[in-house]
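Presented below is the structure to which this report refers.
Letters A, B, C, D, E and F name the chains as they come in the text, with residue numbers starting at 1 for each one.
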Amino acid sequence: MTLHVAEKVVIITEKIIAKGVCNIIESCGATGYTLFAAGGKGSRNNRSTAQRSSVVDDFANVQIEIIVNNYSMAEEIMEKVRQTYFKNYSGITYLEDIKILRPEKF
Amino acid sequence: MDFLYDFLMRLLTQFQSPTLGFLIGGMLLAAMGSKLAIPDAIYKFIVFVLLMKIGIKGGMEIRDANLAEMLLPAFFAMVIGVVIVLIGIFVFSLLPSIKKEDGYATAGLFGAVSASTFAAVMVVMEEESIPYEAWVPALYPFMDIPALVLAIVLANIYLKKQKEGNETKVDVWGIVKDSLQGSALSALLLGLALGLLTMPDRVFDSFYEPLFRGFLSILMLIMGMEAYSRINELRRVAHWYAVYAFFSPIAHGLLAFGLGYIAHHTVGFSPGGVILLSVMAASSSDISGPPTLRSGIPSANPSAYIGASTSVGTPVAIAICIPLFIVLAQAVF
Amino acid sequence: MDFLYDFLMRLLTQFQSPTLGFLIGGMLLAAMGSKLAIPDAIYKFIVFVLLMKIGIKGGMEIRDANLAEMLLPAFFAMVIGVVIVLIGIFVFSLLPSIKKEDGYATAGLFGAVSASTFAAVMVVMEEESIPYEAWVPALYPFMDIPALVLAIVLANIYLKKQKEGNETKVDVWGIVKDSLQGSALSALLLGLALGLLTMPDRVFDSFYEPLFRGFLSILMLIMGMEAYSRINELRRVAHWYAVYAFFSPIAHGLLAFGLGYIAHHTVGFSPGGVILLSVMAASSSDISGPPTLRSGIPSANPSAYIGASTSVGTPVAIAICIPLFIVLAQAVF
Amino acid sequence: MDFLYDFLMRLLTQFQSPTLGFLIGGMLLAAMGSKLAIPDAIYKFIVFVLLMKIGIKGGMEIRDANLAEMLLPAFFAMVIGVVIVLIGIFVFSLLPSIKKEDGYATAGLFGAVSASTFAAVMVVMEEESIPYEAWVPALYPFMDIPALVLAIVLANIYLKKQKEGNETKVDVWGIVKDSLQGSALSALLLGLALGLLTMPDRVFDSFYEPLFRGFLSILMLIMGMEAYSRINELRRVAHWYAVYAFFSPIAHGLLAFGLGYIAHHTVGFSPGGVILLSVMAASSSDISGPPTLRSGIPSANPSAYIGASTSVGTPVAIAICIPLFIVLAQAVF
Amino acid sequence: MTLHVAEKVVIITEKIIAKGVCNIIESCGATGYTLFAAGGKGSRNNRSTAQRSSVVDDFANVQIEIIVNNYSMAEEIMEKVRQTYFKNYSGITYLEDIKILRPEKF
Amino acid sequence: MTLHVAEKVVIITEKIIAKGVCNIIESCGATGYTLFAAGGKGSRNNRSTAQRSSVVDDFANVQIEIIVNNYSMAEEIMEKVRQTYFKNYSGITYLEDIKILRPEKF
């Protein structure tokens, strides 16, 4: 089993802009992404996990993970998301090194 | 004197009404750190059923209604939504330490209509057997949408001017669409259409109608818990938001009452309709407005406008404005 | 002529029925991009209550029923399930650009029974006060399980032959168990058992019965939204799926009507029972069938069979087949 | 003899009661590996509505009640909670291979009260039209809280002694607060307050009352599934837990029956009240107790106490103790 | 505090086969695993997060993470899951280097 | 785009102690954290994902991720959580190297 080095971009931000972030991801050419519901606390605010009834549900968090086998695409996604949204919406983004099986898939 | 006495008496009765009881109960539970929580899925379902009930009922009765009568009240509803926003923006521009776009957003939210307050007043009307025109629920979007659109458009014009000082274009249709696609207006309009076009009497009588009161009681509990838990956010922003949120519902309701009074004398708009119009005006959007504003004016701080509406505006609208406008109608008509 | 007139009239009435209204309303909401969504927890609960209601009612009435009468209709239900699958496989083998196992899976889904369509026809029967034997709901598994089992077994035999050309063994009992353990059949059978063995009259009358109509209306809304949102998937596969999904419910219903007619004349199966049997046959599984097929024929493409069933099959069964078989029964009996 | 005959007859009838039917149905479904699952949001909502119903009803009727009558029963409820815990700890200290703190926690859970068992006995009382004092539901916290507090305090004193052998201080008020903030007691007390202070008759009659029976049936189903799925956990701990969980509910109920008998003869506590007090004592907490114990005695193994209560204690309380104490009351009073 | 290098295997696949994947994981000898509900988009299809009512709920995604302190066990899990399921079900798998406290626990 | 090396602390434990864990995290000076609902199987027990009705819901798992740009803070969080809770509650914790954009944010 040969593994290949690849990158995982992680974006944690408000659920309300999840769709917009996914559009950016696709426009950068990523082959896919995975979404998780999340709660959290950051510099701006407390966000509840989607457990209790939140009258304004769209302000919960979402974590989006994108695997790319190409460092510059990772950079591009992070940069675009940051520039488009992180002035007005809360959010952070970071990168992890991972090892994948089939580089042609990503 | 009599009026004041009546109002205080009714306020007292109101405090015995389960609607307000659940709202206050929710606040107390949250204040005492109770772990009781109504699941989000239940909350969404309850809002859906409440709005469907209002919509279906309206739709079924509109069938035999003379819609020409609706023209002036609908026009007034629009005017009220627009004027509330303009007044709000003006007021906030006079207040110190208010970020411009936060003022726009808050004014927009108070111009829009609260589904929960509206459901609450419908129950009171029923309990008191105060009649009103069947199409009154259909006035909701006429007030709600113009208010949100205007606030977002003005905020964007302002923000673009700040940046560039040159030509500005805002996607008005996009904002209208966003409002209509929101879950609250979708449910209300779907209900209206189903009430108008199909024969939903049996499903209405066996399901939507009997659940209405109970679901409202739970929604009030949720709004109470939410009101309490948002107060902290409100504290962190300028205190003027709380002041505005306390007094403006009464002022907005009075404005609507005045226009409703005119409609009463010109086209025979019923006293019950005037009460409903006033409470709509007094209410501030808590379910569908915030997400629309969040995407429409992203740089506005949601803690300011949501806190103002949910923690102060809605409790004032339910606890004070509902009894106030009923008593006022009894005094005036 | 008269028949056609009756059918068209009834089709028109059907379009005024809230059941269909909610289905179409759901499609329109989805088409307009509404953000309204019924939470998953509510959907699951609704399906549970609907099936429990059908099951408990059936169970309570079976107590005094002559179960010998059930033998022939139950046998026919099995035959129908099996024959639909065989015909389906044959039809798909004639059509171009159909992957073999996708055809098997689609045929299996159309042989199985839709819980939502079944609940919808039960409400119409009640509204029209058409009587039927108490045990008819118990025919559901007799049609559903053989269809799914047969489709999965034949597909696996086919697939194994492809690979090795040698001996084949499929775990039939495993598939039956998987069907019975599915949430839809579990709820129906639990309801039957409780209706038969306990005295659930009061809880039935105070809860399951009154909620039935309202919950069905919401299920229809969900099915409508689902139908619309799956159309895109269906577009990506061969168009023959849509053609099959449009015409086969009518054909399957007619086949069942014919067998029901025989049962009517031999063992006195009621006209109402014949209608229910026909609608069961016309329906295609949307809740419990897909997961069973997904694990039974993993290489089949779910977009094909789920799209065909949910986007076309179920709307056709509800909008066309329910009125069709009622009118047919009125014309024939 | 007559008594035994009556009890066995009633046990038989009880097995025909839908309440028990749903409980057993849930166990069977779980045993057969059914995929049927009631969503968590629905479960939480059901518990909330059941407790609100009990609370509101109690609150509405307490208004005209003579609360002085309540003093002795409330005191006895406390005594029962305390004594059950002390006996439990003593019994477990005699049994082999029981970890000390697991015994404390299990005793605490059996001293506390089960919301689901309590709702179940309320339905039976209604069905049998057995009258009782309006304030009996308010005895719940008088038994529940002291039991949990005592178990946690004693366990912590024990654990601290183990470690240091020196002075010990446990935050009693913290535990009481934790109990009161739990979702079950919060809902019950909120309901009591609303029933007492507001006029919730209409919302009660149109919503909480009609849904009660149906929601209880679903809660029983859930408890049955939970009981079965926890049996495996129980197997992994000492078998003495199962033995204790089987016999102690009957013993606890008899103890309460005795004290209730005294209250009957001294302050006229009604036979219906004695039955309710006995079933409360017989029940073991399944919803709110476990989280309180988990944080109060973190080193105790939840598999032991939750398994004992949910898998054995609750089924015994519902299936055996409810009919037993009704028959006993009929024999004695 | 001494940390030890270990591996985290990540598997994103359809919820309907989660049980089968967990069986493979246990049969390979892993000491535990953690599951998350996820939505996502990949080469095959869009999978919704479990928010809206999905009439066919079992087709949502699940992410499974397994920590192993043994590279060959990681390889074995990835390989077996891939061979058993990824022809017919959508899914991806990758590896991350992590640092753990108590290697004897995994 | 310059990326900076940072650490991600991951804690998987019982939901019932999530609040306590978050308090520890804040007391150690972290700027934020993100929470996920999780199910899992470990040395102690099976924990269901929050899908089916769990009569004792608070015993589900939660995964908490904390990004810190300071190795000793990571160590401190892991150590304190372990000492405070992992004797009586189930839970594991591990560390991952990640790359962040704005080190001053964390």
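Just so it is clear, a residue touches a chain if its C-beta (ideal position, glycine included) is under 8 Å from a C-beta of that chain, and two chains touch if they have at least 3 such contacts.
As the structure is a computational prediction, the values presented were derived from the model and not from experiment.
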Smallest count of steps, each to a touching chain, taking chain D to chain E: 2
Neighbouring chains common to chain A and chain E, by label: F
Far-end chain from chain A, centres as C-alpha averages: D
Of B-D and C-E, pair with higher C-beta contact tally: B-D
Farthest-lying chain, centroid of Cα atoms versus that of chain F: C
Gap in Å, rounded to a whole number, between the CA centres of chain B and chain A: 35
Centroid distance [mean C-alpha coordinates] between chain C and chain A, Å: 41
Whole-Å gap between the CA centroids of chain B and chain C: 43
Contacts with two or more other chains, residues of chain A listed in rising order: 36-37, 50-51, 96-97
Multi-partner residues of chain B (at least 2 other chains): 37-42, 44, 210-211
Which pairs of chains touch, using the document's own definition: A-B, A-E, A-F, B-C, B-D, C-D, C-E, D-F, E-F
In the complex, chain F residues that touch chain A: 1, 3, 6, 8, 22, 31-37, 50, 67, 96-101, 105
Footprint of chain A on chain E - complex, ascending: 10, 12, 36-43, 49, 51, 61, 63, 75, 78-79, 82, 92-97
Chain D-touching residues of chain C, taken from the complex the two chains share: 39-42, 44-45, 48, 177, 180-183, 186-187, 190, 193-194, 197-200, 202-203, 206-208, 210-211
Interfacial residue positions of chain A with respect to chain B in the complex: 16-17, 45, 50-59, 87-89
Touching residues (chain side chain B, partner chain D) in the complex: 15-18, 20-22, 25, 29, 32-42, 127, 210-211, 213-217, 221
